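Two complexes come next, and they have one chain in common, subunit A, joined by subunit B in the first and subunit C in the second.
And now, the complex of A and B:
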């Protein structure tokens, strides 16, 4: 194998792929990146067996071939190299010489035969979505997935593909995020449960202007644009009936300036309990009061003006759940709708100039007596 | 430091407590046996809870399988543990000790820390004299011999109590006078100091510290450089007998547990799970009785070869209802069994990080189905109903269907 590539090209390719390389693994070859030189250029691939990322960068290939190289070291070396041509040649089966200007490195690789093959996903039958739509969905929804191992299904994002729209839903059982985006190029109907880590890769690897082709096999999902591909394992099992828990009759509706409520929650949240992060919200016409009382720590009160003319209501929330949602709301004002102190509250953007529809909901905290 | 400024702490430690109680309960039987083993059964099952000093001379130790103990000491008599009497006498001892100081901390069934600081006006400045008085009164009123150690910290009192034991030719009291702490610590091997375990000793040996004397030569900064900030500072104080922990009267329960050694080793997973559920239900009921909730659960297995393994997990929110506790206990047991599937002689479950049940904030869930580690209203109501039944009819009043033995057909 013998090829020349610019430092920038190689760096870009490695950055895309390196994120899928596991930091800790029991299978040593997974810490490596598969480097394949051919007439098409230089293909770089990495995987942690759950997610695989592969991309091609332009290179002048003199002699095709392939090898795997330690990802971390390769990335570090390329990062430190000056902006110039990098010449890579194999010396023997697994030894690689890397030269750039007067810098020379010799790296030991692992045979490419040990590198796992990528999941067989046939792109013949595929959906087509814009990367911009996908990024919007991922960016607003995937945060809400659960990190607890007890219910693996909630560790994934539900992705519903329909004739005229696609929707992502994620929840950890305490809060939920849901977004719909209209679709023009219809494909077949599907419900996929995708690990958020894979979606993060998709968000990172593809540019906002890309048109992405998506295809599935039985257990895997593939994303493709040009020569760049992302594959992920799908999470199996039925997703809980989220529609049933989205309240329809929340009639106590407050319209609130997003930054103002976020600042207030952050302020009083300082003295909230480390375990429950509880903040109490008291709504009365025109006013929202915040109070925190944490035994052994202290108390805090705050107040902001809001637009609200419903009955007074007091409701307790985990401050972190509120902040996570508020942070992602795409408008200056948000609408917070409630029904009762022990029922789910919904948060939605107000006056969002976008074809997408976004809704989050959060369950309150309750005092055990 | 002036003697009157320093703490005056005693540790009263019963001499072979279970043996003494067993003898008091049965003066004609166990009371006449010199070679006495308490715990397990004469056919060699179970483990030794305690043994008479005469039997200990044969190498019998507590927590040893009774079968092994009988091989070492064939002439010994084995009697069961008189649990009820042990608890009663322990309480009686505590009441007597509280006459000497309001600050009595029960460290175990037969060990009591007594903070005597500030009692000089009442009992005189001689701690040895006071300790002798305490010993005399406890022996007279309960029939139980105690050894008492004393010093300026709980750590010193604990080590001194070991030196006070009568079988070591002492008269049952050993007091480390203020100022003599370091001299006293020099008498000990590193591994004899509480909380310095075999692993730590190994680590100390690797860095060239074989005994207290060598360790005393290092200053605090050197210790920190060798073992890190926290351990270094702690160890520096430890080997000087310094221990800031206070005698805590009425210390709350740190954990509650339920465990059992089986009559025969159990290999069958279904059988183990059945036992575990019974233990879990009991310990959950104990937690509820104390109006507490637990944050952490541990399952312990001791295999036939005495290797012991433990698995723990933490609940997202504190719980006390049967369902989440039993479910998590099963998960932990399965994890342990997956790692090693050998016959089991002992199984136990414990709940810790206990906090008062009321006033806790609970995150409500979106989905009606219960999540791991979260108890639903239904769970709480159900557990309360079970508690009401057991209060009236005892623990056998209501049991899981799996615990019911199938009735033999006529």
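And now, the complex of A and C:
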């Protein structure tokens, strides 16, 4: 194998792929990047067996071939190289010489035969979405997935593809995020449960202007734009019926300035319990009061003006859940709708100038005496 | 002739002997106490055939003049008190003046004594209470008493003697008790020329415990030091992790005097609650110091029992003392079973337990339980390292501390659950999607029976028909909390266990809940999780022990490490 590539090209390709390389693995070859030189250019691939990322960068290939190289070292070397042409040649099965200007490296790789092959996903039948839409969905929803391992379904993001819209939903059982984006190009209907880590990769690897093709096989999902591809294993099983738990009749509705409520929650949250992060919110017409009382630590009170004319209500929340949601709300004002202190509260943007629809839900914390 | 006659002194002595002297061990006890009261610093005891054929006690005490020696074998003759008022707060071991005549009346008795004054020594030979001979004797100052053929004239009693081994054991126990009380005296006990106890004067209780029971036992003990304005409790208790269901050694002293009191032992056990496996019997050596007037030692002929004025308060103090001792990190085991405490056990010589108990003219013996140095507790938390996804290693000023993440977390949750069960608020996270749990009928019954305590810690449960329940809200003690698994395991545990009285029931529930809700071994923790765990653990009442009596902390002293590297 012999090829020449610019330092910038190689660096860009490696950066896209390196994120999918696991830092700790029991299978040593996974900490390597597969480098394949062919007439199409230079294909770089990395995987942790759940997610695979692969991309092609332009290169002058004199002699096709392939090898795997330690990802971390390769990235570090390329980062430190001067901006010049890099020439890579193999010497024997596993030895690689890398030259750039007067810098010379010799790296030991692992035979490509040990590198796991990519899941076969046929892009013949695919959906087309814009990267911008996808990024919007991922950015607003995937945070709400569960990290707790007992219910693997909740570790994934539900992605519903319909004729006229796509929707992502994520929940950990305590809070939920849901976003709809209208679709113009109709595709077939599908419900996919995708690991958030894969969605992260998708967000990173593809530019905002890209048009992404998405296709699925039995239990894998592929994303493709140009020569860059991301594959992921899908989580199997039925997603809980989230629609049923989203309250429709929340009639105590407050409209609140997002920054104001965020700073208040952050302030009083300082003295909230490290374990539960509980803050108490008391709504009365025109006013929202915050209070925190943590035994062994202290108390805090705060108050902000809001637009609210419902019955007074007192409700407790995990401050972190509130802040995570509020941070992602795309508008200056948000609407918080409640029904009772033990029922789910919903938070939605107010006056969002976007075809998308966004709703978050948070379950209250109760005090048991 | 009247039917009622006053018994002769000899008969009365024999009857009294029944109370004071029931077996060789009681003779040994009485004689050694006399030796101690005589200011001896070196006492040796020789037994033959378990004390049946011979008990000999040799001391280097102050000895007696001849007329005192003769008086000593008269009933109610004593040098230790003068009038009834002295009985209040009496500080010497003996005072009833019963022991010697009683012993002399049921054995072939020989007393050899020489006073310190330098007067001539005396030998008194008594047989069954009858003085056979009084003659001059040559001896260094001190007293030797030989008791041969005990119970030779009371065959009924002789029949009730137990095996030679059992009687020997009882004598060993009696000496052990006194040896623990008096560090300033060396004791040697031989039985048929076999040395059973040989302890030199000791500088600390730990040393004496080591001498009596072996090094290992001494290293597994945790110091107790609890003071209130009116009384103090000092001593050593066994580390909960070492406690076994049988073979407990419990020694109690009040103002330096050994006594037995199962209720105080139970109070001490209560102090272990939540830190030791139920059913295990931790060993203890506890010395109480109370004002003389608060205790009556004159309620039992052998003075095995004493009576306290305010027993409830005393029991509470003992319980608190034990809890207090279990709380510092030092009560965690060290490396290779060694105690971290050992290093601090040197110094601390015996001290005069004078104060409260002492009367004018009666010097209370230097007792043990000198105040030990205060250990430095609060460990600064340095870098944390998780090993085997199970233990957290952290560096402290004293060395390395290893923490079992599950045990530690269990302790934290247990204590907060106990507070919640006793009325503190609990925070309960409502669930978006209720958890449905299928139970078997036992589990269902147990869950229903515990619905109040389950609610107290934050589970909100609703029957869902059949054997299914819905859980609408759960506690959320940590981000990795698996509510469903926790609830299911809890139901299984509750169904299996039988719960006793209410505090015990809450206790067992909190322990079970703690165990099920805590992070498990094998879970990777982030740096901040580890830190929170440590902060939470050291905020607990009893950080070093988990609810099953296992240690949460093991310490490796820096010196130990340095020794290993030959530094």
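Here is the rule we use: the second predicted complex is superposed on the first by the 369 of 369 C-alpha atoms of A that agree within 3 Å, B and C clash if a C-alpha of one lies under 4 Å from a C-alpha of the other, contacts with A are read in each partner's own complex, and residues count from 1 in each chain.
One rule holds for everything that comes next: contacts are C-beta pairs under 8 Å (C-beta built on N, C-alpha and C of every residue); 3 or more make two chains touch, one makes a residue touch a chain.
Note that the structure is predicted; figures quoted are calculated from it, not measured.
Three-chain overlay on subunit A, with subunit B and subunit C in a clash. When the two structures are aligned on the shared chain, A:189 is found in touch with neither subunit B nor subunit C.
Applying the stated contact rule after C-alpha superposition, one finds that A:23 touches neither subunit B nor subunit C. Judged by the touch definition given at the top, the superposed model places A:274 against subunit C, while subunit B stays out of reach. After overlaying the two complexes on the shared chain, residue contacts for A:117 are found with neither subunit B nor subunit C. By the touch criterion stated above, A:147 is placed in contact with subunit C alone, subunit B being left untouched. In the superposed model, A:363 makes contact with both subunit B and subunit C. Counting contacts as defined above, subunit A residues 148, 150-151, 171, 173-176, 240, 242, 245, 273, 276, 278, 295, 316, 318, 342, 344, 361, 363-369 meet subunit B in one complex and subunit C in the other. Considering their complex, residues 147-151, 171, 173-176, 240, 242, 245, 273-276, 278, 295-296, 316, 318, 342-344, 361, 363-369 of subunit A touch subunit C. Residues 148, 150-151, 171, 173-176, 240, 242, 245, 273, 276, 278, 295, 316, 318, 342, 344, 361, 363-369 of subunit A are the ones touching subunit B in the complex.
Subunit C makes touch with subunit A in their complex at residues 420, 423-433, 455-458, 460, 473, 476-482, 484-485, 532, 539.
Within the complex, the subunit B residues that touch subunit A are 316, 357-367, 369, 371-373.
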